[in-house]
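Dropping a structure here in structure tokens format, bear with me for questions.
A, B, C and D label the chains in the order they appear, each numbered from 1.
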Amino acid sequence: MEIETGKMRLRDRTRIGVMGPAVCSPRTAALAREVGRLIARAGGILICGGRSGVMDAAAAGARSEGGLTVGILPGDCASEANAHIDIPIVTGMGNGRNVVNVLTSQSIIAIHGGPGTLSEIALALKCDVPVIGLESWSLRSPEGNPPAGFTAARSPEEAVEIALRKARSSGS
Amino acid sequence: MEIETGKMRLRDRTRIGVMGPAVCSPRTAALAREVGRLIARAGGILICGGRSGVMDAAAAGARSEGGLTVGILPGDCASEANAHIDIPIVTGMGNGRNVVNVLTSQSIIAIHGGPGTLSEIALALKCDVPVIGLESWSLRSPEGNPPAGFTAARSPEEAVEIALRKARSSGS
Amino acid sequence: MEIETGKMRLRDRTRIGVMGPAVCSPRTAALAREVGRLIARAGGILICGGRSGVMDAAAAGARSEGGLTVGILPGDCASEANAHIDIPIVTGMGNGRNVVNVLTSQSIIAIHGGPGTLSEIALALKCDVPVIGLESWSLRSPEGNPPAGFTAARSPEEAVEIALRKARSSGS
Amino acid sequence: MEIETGKMRLRDRTRIGVMGPAVCSPRTAALAREVGRLIARAGGILICGGRSGVMDAAAAGARSEGGLTVGILPGDCASEANAHIDIPIVTGMGNGRNVVNVLTSQSIIAIHGGPGTLSEIALALKCDVPVIGLESWSLRSPEGNPPAGFTAARSPEEAVEIALRKARSSGS
């Protein structure tokens, strides 16, 4: 029943959040699947909102490589999780759960996305969790600058590479 | 001890959220104060995060016109509220309270702001609460469009006028 | 438009929470109504969950004496509030809002109640908010003791008198 | 990197919450350790608050049998988790996280405990999550009855046996 077959303890694996819309195009789903795959291949744990669209595709990708997937759900029932979630976390807090997604991740990759994804980008920046955008929002602060802590990536490979490198330490 | 001297019940007054940073320039504080004043003059209830900076200035403005101010606090102690808050709401939920700020408001005015304010803008857009920006963030969706539900205003007068007009009904 | 006609600022009025079930007997509703009346007569602000049953009756009692009522709602819509709520606070956090009810109150009166009310009693004890029970739960800790911070009252008068006396200071 | 060596998918394993105080006696810690061990031996996933005392002992027991442990933390930093937590979930919501503990579990075992544990018992009863008490609180409803959904167990073996049997289905 030992669940760690590799050398690295689960606790020491990097937790990468993948945020994106519950409804997405096939092209965006393909990006998310590839991001999930690369996170699992690198030994990371995938954190996501546990539902459809980008969340489903990223979790499917991670599972296809034997990775571990955590879905932090807005509703009050574990059955809300998509089929690729290993550990459903049931918050019952609606969009209030977006904060939990972000704080649980050591860095996040935002793929495309509507206002919900934008709220996760913003909460991550507020909580000093590094954000990598992949075909996502373009933001200018009131002073006209891109926000500190946000990096735009051009491919799933680049996004995951930056996310792993920038992941804040668990102690921060 | 009757607390409504005007003709309108408290329940029927429009609840306008004013969101902005806890640290701000004198110029931004002056904008916030004027926004607070205009909300109170129009009979609105001011909802804010209850702390310093824009939240303090907006509440001071509203109180100077005899308005009612509600501060929804991140910490676990009412004494965290600034001196101009009539009703402190103590959440103990950190940035999780940003959702409460937004849902309690029938529209929000975002003045300047960092990532915390951006998260409130995004959560409001997600929850169909109209957003009016005043010298605030500039946003482009992945498709390159400004987000639906967001209006940029050029003055406190215009911001409050739009906020009152667009305020979602309590029933929505 | 000045909303304080008495001498006491709203901020200085004691915030008393009244917790109880959403469905209750006429007898329990009568107790809640009297508790609400007495809180308002003493100049207190009534905090409650904003819905039906004990929450509705307590708010009706407070309003009948011109008191101010705050309803902290579990859902994501202000229209969920009962007709006697002046200030609806919309959390969208389900039972997660029970913490907000408790932290916003300087003491709470629990009237009758099921498990939801019991959770508010427990959270109040955890957060050092004094609890007064009126025909409510009977509790014995694992050591066989009644919990510190819990007082059983025999009447609405006694409950409100104790709640006002024990209310923790805003700064605690 | 495949993380499931047994035949059962992680998603299909029963998630049992173990709730108890952050400070406890050696005797209570021994009970918690045994409960954790038995949950892991039965293939369950241990859900807990992730901190010291009963939470630490239960997680240590589960890990000693190669089980998977999830710690749902009140603060905003993963380093708050005890050394036996595999998956830290970081909520930043203080006692608001107690709801997440309960909703994520298919049944909970409350071992000893103060008001925080009592709040988790009550929230579980409210959310129809079965509760098993082990040397824990004694409760009588306003009608004088023990609460429906609460079972007192006399040993770790009995507690885990009941918890597994009563675990609500993921779909409920």
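Quick note on the criterion: contacts are C-beta pairs under 8 Å (C-beta built on N, C-alpha and C of every residue); 3 or more make two chains touch, one makes a residue touch a chain.
Remember, it's a predicted structure, so these values are computed and weren't measured experimentally.
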item	value
Interface residue overlap between copies chain A and chain C, same or different (over half shared)	same
Between B-D and A-B, the pair joined by more C-beta contacts	A-B
Centre-to-centre distance between chain B and chain A (centres being mean Cα positions), rounded to whole Å	30
Distance between chain centroids, defined by C-alpha means - chain B, chain D (Å)	40
Shared-contact residues (touching 2 or more other chains) in chain C	76, 91-96, 99, 127
Residue numbers on chain B that touch chain A, as the complex places them	93-96, 98-99, 112-116, 118-119, 121-123, 125-127, 135-142, 144, 147, 149
Sites on chain B touched by chain C in the complex	1-6, 9-11, 15, 40-41, 43, 45, 65-68, 70, 72, 76-79, 81, 85-93, 96, 99-100, 103-104, 106, 127, 170-172
Interfacial residue positions of chain B with respect to chain D in the complex	76, 91-96
